[in-house]
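Each chain carries a letter (A, B, C and D) given by its place in the written order, and its residues are counted from 1.
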Amino acid sequence: MKKLINSPDNVVKEALAGMAAAHPDLLTVSYDPDIIVRADGPVKGKVGIISGGGSGHEPMHGGFVGMGMLDAACPGAMFTSPVPDQMLAATKAVDGGKGVLHIVKNYTGDVMNFEMAAEMAAAEGIEVAAVVTNDDVAVKDSLYTAGRRGVGVTVLLEKIVGAAAQSGADLAEVKRIAEKVNAQGRSMGMALTSCTVPHAGKPSFELPDDEMEIGVGIHGEPGRRRVKLASAAEIAEMLATPIVEDLPFASGDHVLAFVNGMGGTPLIELYLMYNELNTILKAKGITISRNLVGSYITSLDMAGCSFTLLKLDDELTKLWDAPVHTPALRWGV
Amino acid sequence: MHITAAHVITFIERVAATVKEQRDYLTQLDSAIGDSDHGVNLDRGFSTVITKLPGVADKDIGAILKTVGTTLVSTVGGASGPLYGTAFLRAGMATGDRFELGPADLIAALEAALEGIQSRGKSTRGEKTMIDSIGPGIDALKQANAADEDFLSAMRIGLAACEAGMQATIPMLATKGRASYLGERSIGHQDPGATSAFLMAKAMLEVAEGIS
Amino acid sequence: MKKLINSPDNVVKEALAGMAAAHPDLLTVSYDPDIIVRADGPVKGKVGIISGGGSGHEPMHGGFVGMGMLDAACPGAMFTSPVPDQMLAATKAVDGGKGVLHIVKNYTGDVMNFEMAAEMAAAEGIEVAAVVTNDDVAVKDSLYTAGRRGVGVTVLLEKIVGAAAQSGADLAEVKRIAEKVNAQGRSMGMALTSCTVPHAGKPSFELPDDEMEIGVGIHGEPGRRRVKLASAAEIAEMLATPIVEDLPFASGDHVLAFVNGMGGTPLIELYLMYNELNTILKAKGITISRNLVGSYITSLDMAGCSFTLLKLDDELTKLWDAPVHTPALRWGV
Amino acid sequence: MHITAAHVITFIERVAATVKEQRDYLTQLDSAIGDSDHGVNLDRGFSTVITKLPGVADKDIGAILKTVGTTLVSTVGGASGPLYGTAFLRAGMATGDRFELGPADLIAALEAALEGIQSRGKSTRGEKTMIDSIGPGIDALKQANAADEDFLSAMRIGLAACEAGMQATIPMLATKGRASYLGERSIGHQDPGATSAFLMAKAMLEVAEGIS
C-alpha cells in the first residue's frame, strides 16, 4: 500500500488537523466527536445545513463547509458512517433557531445513524428535517431493498440547498428544494482500478489490466458488472444512457452536467469525458447550461469517474449560481 | 445455569478479544461484498467498550449491557454500529436491574436484541444480514430449551444453527445493507455481519461452558 | 494502461474540446496551432500574460486562463514543450498594446521553443519579455548544466503576475514581479508511483511496492534518489528541509505554502501532508500566512506530492489575494 | 559522388520511415532518463514532413531542407524539435539554391547543422546529448575524406564514429537536457537524441550506397 500517511489509525484526524490549519477563516474542527463547523456559525435565523458520511470521499463533505453551503460536516472513520454523537454535536453547533436539515446519503449505516441523531436532537428540542439522496441508477430500486445509493447528486444538493438556506428559506422550504434536487438528479459511476482502504492495506477488489467495473459506488465495492476496457466514448455512453433513460431526461431539457473524478483520475481525462458527455447530450437535444468538472466526491485513490445530471429550472439555476465560499467550491465572493 | 454480572463482563471481554483476533478476517469478508471495514468497525467499538467495563463492574447486568450498547452506537458507526448498539441496549432493557440471569432471562434478552436489530434495520430473514445467523440460532436455542434439554446442550444446538445460518448466507442474494448494491454479484459470499454475530454467539457458549 | 481516453493521439485535442465546452464564458480554444485564449481578450492596455508547456499537468496551464491570471496558454503534446507557432499565435492573440510576458518553465525544450517564438514575435513588432521559473531544489544548480526545473512556483507566479498585469502594471514592472516570485520560491516533489504516458502505454519507471522516488519532476522522470517508503512525517521532512535550507527561509518569515498533488493523489492525503508541513514550519518559526492545497501542477496519474514555499511580503500578498476567475482558481469574483 | 535533390528527398523519406519503425525504441530510451516522448515527438514531426515533401519535389536542396527544418520546429516541440529543426534549417541555408551536392558541400551542410544545434542548445560535447554522436561522426567523416579515401568509405568511417559516440553516451553524466535532472542516475543509459541522430546518419549512408 502506497499512501502519504503515518498510520491507518490516524489518517482521518490528521487530515482534519490539516483542514483546520489550512482554512481557519472558513471552518473550525472539534474532535471527539469529530465535526467540522463553519467558522462564523451558528448563523442566527438561518436554517442549519449539515451533512456527513464516511471519510475517504474528500473534498466531500468537509470541503463544502462555509458560506452558502454546509454549516457543518460529520466525517466518519474511513468509508464508515459517522456515529450519532457527531450528528448531534453538529446539529447543536449549527442551530440558529430555525431548525436543521440533515443531508443523508442512502446507505443503511448513514440512514440509521442519522435517524438516531435526529431522535436525540428532537429530544433536546431542536427541529430536524432530513433528506436522503439516492441518485445512483446503477442500483435497482425497490421497496424491498436498501434502495439506491446517494452519490454525485449529494454535492449539487449541498450547494443548492445551502444557497436556499443562506437566502433565508425556512426549514420546510429548504426540505422541499432538497427533495426536488434529489428527485431531478441521477448518477452513475465506473472504476478503472480499485481503491485501497488504509486499514485493509490492499485493493478492495482485484481488477485485471484489461477490465473495468461499471456501476460502482464510492466505497470500493465492486460495481454491477465487470466488462472489458473500452474507449472514453463507449464508457461515456455506458454511463450517460442509463442516467438519461432513468429520469428520463428529454430533448429540450436544461441540465447541470457534473463529471466527477474518483480520486486517482487526472483532470485531463475528466475534461475528455466531459467532451464525450457533451456530444452525447447534444445529440439528444439536451442542453448543458451549467457544469462542474473535477474530483468532488471521491473514493480514495480509485481511478474512474462518474456522471451526474441534474434537470435545471430557474429556481435551481439561481440557487446554483448564488455565491458560495468553501474550501472546495467558491464563486461570487 | 446462573449467569452473573461477572459472567456477562467475561463474555464482553471475550467478544472484544475475538473481534480483535478476527478483525482482518471480517474486513476481508466485507471487501468482497461491502466496503472493507466491518472488522475494523467492530474492533474500534469493542476496544472502547473494554475501557468502559471497569466503570460498570459492580453494576447490574442491565446497566452493563446498556453501557456496551451506547458505547457501540457512539464508536462503531456504519450499519453495524446502530444495529449491534441497539441489540445490546434492548438486551439491557430486557434484563433490567438483575444481577443474575436464568435460561429464560437469557432467551428473553436475546429475543429483545434480535427485535431491536430488526426494527432498526427494517430487515427480515433471508436478506443476507446478521439476522440470518442470529435468528435461526435463537430459534434453535428456544426449541431445544423447551424440549427440556440441558441448557448448555441447548446452547450448543443454538450455536450450530447460528453457524448453519451464517453459512446459508453464502448463496443468498442480498437485498439489505451495502451488499444489496451488487445485485446478483452478492451471491456466493458469506455475510460479514452474520459472521461476527456467530463469533459473538460462540463466545457466549464458551463463557457458559466455563460456568457449568 | 488504464485511462479514460479514445486513443493516445487524440487525448490533448479532445480534452481541449472538453475545456472549451465547459468554460465558454472564460476561454476559447483554437486548434493548429493549439492555444487557449481568455474569452474577453485581448484586454486593451494590459500586458498580456502567456504560459505554456507540455500537456499532462492539468489544470496547469489552460485551467489558469481567465481574469487576473493568464491571457493564453499553449498546450504542447503530452509532456512535450509546445512549438513556437503556438507561442507566436498566443502572443499575437493577447497583445493589448502593452507587450506580452512569456512565463517559461526551465526545461531545455520549453526555453528553446519560447526563445524562437519571442524572436518571431519581435520580428512582427510585439514587445516580449520572458521569465524562466527554476524553483526545484532537487536539482543541483550550476552555470554548466541545464539548471533547475520550473515546477510549483510557476502556478503561484502565474496568479501573482496575472494580478499585477490586471492592475495595470507595465511590462517592466510585471517582469520585475515575476522575477521576484521566482527568486523567493522553492519547491521539491516526490512520487509513490510512476505515471503512464498514453503513447508509451506503460509506467515511465518501475517502482517496487516498498519504495518511492524523492526529488522527482513533473514528467515521469525518475527522481534524485530512490528510498524505502516512509511515513508522511518523514516524507514531509525530506521535502521541507531542502526547500527551507536552500533559499534559505528563516524564523520570522511569512510564506505561502503550496501542497500539490501529482494527479493520482487523494485530497485527504494532501491535507494530511499540509498538517505535517505546518508542524515543521511552526517549529522553525516560519508562519504560513497563505496556502494552497490541491492538485494544480500534475504529472498525469502519478501518486505523490510536492511542496512549494514562497516568501511573502505585502506586495506579493496583495497580488495573491486579488480577484481571479479561471477554471481552476477563483476568488473575489 | 553527386547528391541530387531527389536523393535528399529519398533520405528524408528514409529517416521518416526509420523514426516510425524505431519510435517505441527511442521512447523507451527516453523513459529511462527523460520523459518517454522522444520517439513520439520525432515521429509526429517526420510524419508531417512527409506530407510536405510533394510540395518541394521540384525545388532546390536548400528549399527542401529548410521546409524540413521549419516543419520540425512547428510540429516536434520538446528539446529535439528546435534542435533538429535548426539543424535542417542551417543545413538548408548552407546548401542554398543548389540542385546537386558534392562531398565538400555535404560536409559543409553537416557542419552548419551541428553548429546550429550547439548554438541553439548551448551545449558542448561530453554532456550526453545528440551532439555526442553527431560531432565525432562529422569529425571522422572529414578526416577520412581529407585522407583521400573514397567518399563512400569515408561515410562508413563517419557512421562508425557516430555509433561509437552514441555508445559513449552510456557512461556519461548528463549536464544538459532533461537527463541532467537525474544527476548521477543519468549514468548507465544511452542518450535518446544521440541514438536518433545515429539513425539519421545511418539512413544517409544507406541512400549514399544507393547512389554509387
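For this structure, a couple of remarks:
Here is the rule we go by: contacts are C-beta pairs under 8 Å (C-beta built on N, C-alpha and C of every residue); 3 or more make two chains touch, one makes a residue touch a chain.
Computed from a prediction, not measured in an experiment: that's the story for all the values here.
Centres computed as Cα averages put chain B at a distance of 76 Å from chain D. The mean-CA centres of chain A and chain D are about 55 angstrom from one another, to the nearest whole unit.
Averaged C-alpha coordinates give centres for chain A and chain B that are 32 Å from one another.
Counting partner chains per residue, chain B has no residue touching two or more of them. The residues of chain C never reach two or more other chains; the list is empty.
Taken chain by chain, the contacts run in an open path, each chain touching the next and the two ends left apart.
Chains touching one another, given as pairs, are A-B, A-C, C-D.
Taken in their complex, chain A has these residues touching chain B: 33, 54, 76-85, 107-109, 112-113, 115-116, 136, 138-140, 142, 144-146, 149, 197, 199-200, 204-205, 217, 219-222, 224-225. Residue ranges on chain A touching chain C, taken from their complex, read 2-7, 11-12, 14-19, 21-22, 55-56, 58-59, 63, 192-193, 209, 212, 229, 231-233, 235, 263-276, 278, 288, 291, 293, 295, 298, 300-301, 303-305, 327, 330-333. Residue ranges on chain D touching chain C, taken from their complex, read 27-28, 31-37, 40-41, 44, 73-83, 120-121, 175-178, 180-183, 185.
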